[in-house]
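Multiple structures follow.
You will see chain A twice below: alongside chain B first, and alongside chain C after that.
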Partner chain A sequence: MKGSEIRVENVTKRFGDFVAVENASFEIQRGEFFSLLGPSGCGKTTLLRIIAGFEDPSEGIIYLDGQNLIKILPNERPVNIIFQNYALFPHLSVFENVAFSLRLLKISESEIKRQVEKYLSLVKLDMHTKKYPSQLSGGQKQRVAIARALIGEPKVLLLDEPLSALDAKLRQHMLIELDSIHDEVGITFIYVTHDQQEALSVSDRVAIMNDGEVLQIGTPHQIYESPADSFVASFLGETNFLRGRVNQVNEEYAKIEIKELGELFVYLDKPLKINDVVKLTIRPEKIRITKQMPENLPDKFNVLHGRVDEVIYSGFQSKYFVKSGKFSFKVYKQHVNYLLDETPIKWNEDVFIWWNVDDGFIVEVEEE
Partner chain B sequence: MKEKHRFSFTMFILTMIFFYLPIAVLIIFSFNEGKTMAWSGFSLKWYQKLFFESEELWKAVFNSVIIAIFSSLVSTAIGTLGAIGMYWYRFRSKKYIQVASYLPLIMPEIIMGVSLLIFFVMFKIPLSLLTIFIAHTTVSIPYVLFIVMARLEEFDYSIIEAAYDLGAKEIDTLFKVILPISMPGIISGFLMAVTLSLDDFVITFFVSGPGSSTLPLYINSMIRFGVSPIINAVSVVLIASTILLAVSTRRFYKYMFS
Partner chain C sequence: MKKNYGPVYSLPLGLWITIFFIVPTCIIFIYSFLTKATYGGVQWQFSLEGYKALANTSFINVVWITVYISVISTFLTVLFAIPTAYYIARNKHKNQLLLLVIIPFWTNFLIRVYAWIAILGNNGFVNNILVKLGVIDTYIQFLYNQYAVILVIIYTYLPYAILPLYSSIEKFDFSLLEAARDLGATKAQAFFKVLLPNIKGGLATSILFTFIPALGSYVIPMLVGGKDSMMLGNIISRELTTTRNWPLASSISVVLTVITMIGVLLFLKLNKNNLESIKKLVVREKAGEESI
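Take a look at the complex of A and B:
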């Protein structure tokens, strides 16, 4: 396996009174596609810049294969970065941009040519080698930046929101290509983004950050399906939150009493005591919606009765806002076979919404 | 619509006349036979006098050119380094230094002249070509700084970080990234400094000493004894060389940066 493992140990970065990164500790495995995900200003870019060597941490150490990275200057670190705005050299052609790091090493002209061509074909940009950055499209600039960063054969590639300047369709396309480039070169990728879709779709593991703190680290489905707290749950896609009081606990489930709604069961993923006040979350696509009361349900389902407050039809799915008691539930229904379905659910109809007890999660506990 | 066009066209013609009529008169009368401002026949005698009988004038031209070239070279070097330093490094007093370096741009020339004169007298530096050279260099630095700074600020700081990241040391970054991208600014700054130096009168007037006349000073002293058509002739030569310089710089720019 190429690439290196990175160990971030108790890294804190302060700018004056402002704490950009607070006591971050995690490990990134060899060859992993690791994402730092969070809203803007959460410290993810600062953390990346510390790894690149452009900022020194106020406290803490970063190890690369067990070697302390902090003392090494950025131009000697076996780590390369792709900037958000690509930072291509405007006075150099595509070829010379990519060749930049090799030219510093006194490598023979024929070897440089061979290497540059190899990496330009890796990023599928063999054509425009004589053009200048100002003559390239956003996607092409992106490819030059990737080739330029990879040609020095770094052990870790850092990507700072590399797709944010591209339009939505191209972003999707480049994302897939980044993933295949990662598979091909096999080195460690650390990917910074604020877009949860990007992070979920390509990463091996994701670290979610907010206000300088790392809140949760896990595989995409771990962080999506069992978010550690309400920030993680709401940052990663849409969700419903409910607040209630625990009034019954057994080995697997807890019964939560929610005012003006009723009692709901929830999977016991955290230890709970009777009378704890908890916040539970249920994703809108996990909730099913029907006109009739579902029959023959095993007892592991929560069923609520409500009225459709709003319908947003968007082709492949509909979003329903269902009012039940005082609460409004978001419910997403995929239209697998819309025309063959029962008659479509319309505004102001009485409906039943129901979900598997295992799909609900406790995200916050306030002990009494 | 047509009315409107006619009005703007008239304004355009009037403006052009306002700009160029004096110059046209100057050019025409450089070929005048007589010495007064009345046409008395075509002649090249003032050009003959200019080229063959005006040793003093050519000495002044020579002084002007030498001072322009050397003061521009030095001020371009200092101004460029200053601009790069301010772009590259982040330090606490950066804002103040920036403002302080731009200040001479808006300072009245007469104040610059007087203060430089007092400075030279205080340090007992005899007024000569050297003091003119120092004065012109000083005055040109902020212009170069300003122009090169403006050029550099078109680029995001991340290109410096990108160069470091790709293994470049500071010196590589300077020569392979920063200097090449600021080159258009450096050349513009240099030309600006040459122009400023060539036609500066006020400051030069204060800091020049005996025998260290520049062309503007010399022309001024000639006018005191009446307007000689030689002045017309020298002006025509200056205009011609300015146009030549402007055209060739354009060519050079096109060749270099496209």
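Take a look at the complex of A and C:
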């Protein structure tokens, strides 16, 4: 593996009274595609700028392969950044933008030409080398920025919301390309984004941040399937939350009593005591919806009866809002084969919703 | 077919410039080839006397001093203006700071020059302080030399140099400097390779706004200059009002105009590559639009 490992140790950054990053600690492995995910203002960009060297942390240290990075000037760090607005030099052509860092090193003209061509072909931008940034489309600017950042052969590439200025389709396309560029150059990528789909689809691991704090670090699968708290659960996709009181606990499961709804079983991923007030979450796509009471279900399923409040059909799936008791459940049903399915479920129909007990999670516990 | 109203719209300005700029320049040009009348004015008789009188070393010396003082003052003015404009553009209180730059304009120019005399004169503010502090025994002659002229020219034209620089620095995207630093440039390299090329327009304007009026200086060398700082403006005025040799005054004016134009053209030529690349860019962009 090329690239470097980064260790962030107790990094805090204050701007006056405002705490942008609070005591962040984590490690990024060699060659990893690591994402910092969070809503705007959560401190992820500040953290990235600290790694790049544009900001000094108020406290804490960042190590790159065991070496303290903080005292090193930004132009001497083996780290390059791709800015949100690309920050291409408007007075230089595409070729000269990419060649910028090499020109500072007094490298021979032929070598510069060879390198620039190599990196422009890596980002599939062999043409247009004489154009100026103002003549390029958003996607092309993005490619120039990538080539310009990679040509200095950094050990770590920092990406600050690089796709946010592109339209949805192009974003999807560039994301796949970023992933394949990561595979090709093999260096460590630190990717800052507020878009959970981007983070989940390309990252090896994701750190979720909110209000300056790192809330959870894990593989996309881990953070989506077992969110550490209700913020992580709701920030990553849609989910249903329920509050209730624990009235029975065995080795694997807890029984939660929810007012005006009934009793639900939930997988015991945290230690619980009787009478704890808990918040549990269940993802809408994990809930199944049928007109008939499902037969021959093992005990490991929660089944509720309800009425369809709203149906939103969007081609590949339908979103149902099902009223049960005073709760409204979001339920997503994929249309694998719409016509051969059972007769479609319509508004105001009586339905049963049910899910595997293992798919529900406790995200918060308030001890009594 | 759209009617082209361009000439109609430009008529008022065109007339204004013709009457008050082109015609007077032509009159001066014609006067420079006429014969001097006894009590000022001209006789309508062709003569090259006005130009023959220029071919002596003392005149060449004045030309040299004029150019020298103007170049030095322009260089220093712009040198001071860049950091000032940068500081204002990046400051939270830019409007208040800009006001400070403009405040000198509220006072008459002549009064401001006299203020410098009051400050730097032999019995002036600075000398008095220095004597009282015991730093010096008797006054230092600050005024009536080239340095005083250069100082007051810098003081006078600094606002004109700051404002265009400010407006281009204010539009500059400072993340470009971070990008340059990130790509390995030192602070100085980022300044010269990224900031300067991107504020070229403002830089060019501020150089011209200082250099052109500096070349035509007349009041400043008259009030704070000495023998070593006689400029073209001063001898034009002398020939016009004291010696009353109008053809000579005209020929010197023509020389001054020519020097100014050479300066401006030389400067534009240095910037030509720039202008051309901008032109090409515009053409290409237009072509691009059409092909879409």
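Just so it is clear, the second predicted complex is superposed on the first by the 368 of 368 C-alpha atoms of A that agree within 3 Å, B and C clash if a C-alpha of one lies under 4 Å from a C-alpha of the other, contacts with A are read in each partner's own complex, and residues count from 1 in each chain.
As a working rule, a residue touches a chain if its C-beta (ideal position, glycine included) is under 8 Å from a C-beta of that chain, and two chains touch if they have at least 3 such contacts.
Just so it is clear, the model here is predicted, and its values are computed rather than measured.
Asks: Determine, for the superposed arrangement built on chain A, whether chain B and chain C clash or fit.
Replies: By the criteria stated at the top, chain C and chain B clash after superposition.
Asks: Which partner chains sit in contact with A:104 here, chain B, chain C, both or neither? Use first/second/both/neither.
Replies: So A:104 meets both chain B and chain C here.
Asks: If we overlay the two complexes on their shared chain A, which of chain B and chain C does A:315 touch? Say first, second, both or neither.
Replies: A:315 sits against neither chain B nor chain C.
Asks: Quick one: is A:66 in contact with chain B, with chain C, with both, or with neither? Answer first, second, both or neither.
Replies: neither
Asks: Which partner chains sit in contact with A:134 here, chain B, chain C, both or neither? Use first/second/both/neither.
Replies: In the superposition, A:134 touches chain C alone.
Asks: Tell me which partner A:16 touches in the superposition: chain B (first), chain C (second), both or neither.
Replies: Neither partner.
Asks: A:81 in the overlay: touching chain B, chain C, both, or neither? Say first, second, both or neither.
Replies: Touch partners of A:81: chain B and chain C.
Asks: Counting only touches as set out at the top, which of chain B and chain C does A:298 meet: first, second, both, neither?
Replies: neither
Asks: Under the contact definition given at the top, report the residues of chain A touching chain B in one complex and chain C in the other.
Replies: 52-54, 73-76, 79-81, 83, 85, 87-91, 100-101, 104-105, 148-149, 152
Asks: Going by the contact rule set out above, which residues of chain C touch chain A in the complex?
Replies: The touching residues are 173, 175-176, 178-186, 189, 193-194, 197-198, 200, 281, 284-285, 288.
Asks: Chain C touches which residues of chain A in the complex?
Replies: Touching chain C: residues 52-54, 73-76, 79-81, 83, 85, 87-91, 100-101, 104-105, 131-132, 134-135, 148-149, 152 of chain A.
Asks: Where on chain B does chain A make contact in their complex?
Replies: Touch list, chain B to chain A: 155-156, 158-159, 161-169, 172, 176-177, 180-181, 183.
Asks: Any idea which chain A residues touch chain B in the complex?
Replies: The touching residues are 52-54, 73-76, 79-81, 83-85, 87-91, 100-101, 103-105, 148-149, 152.
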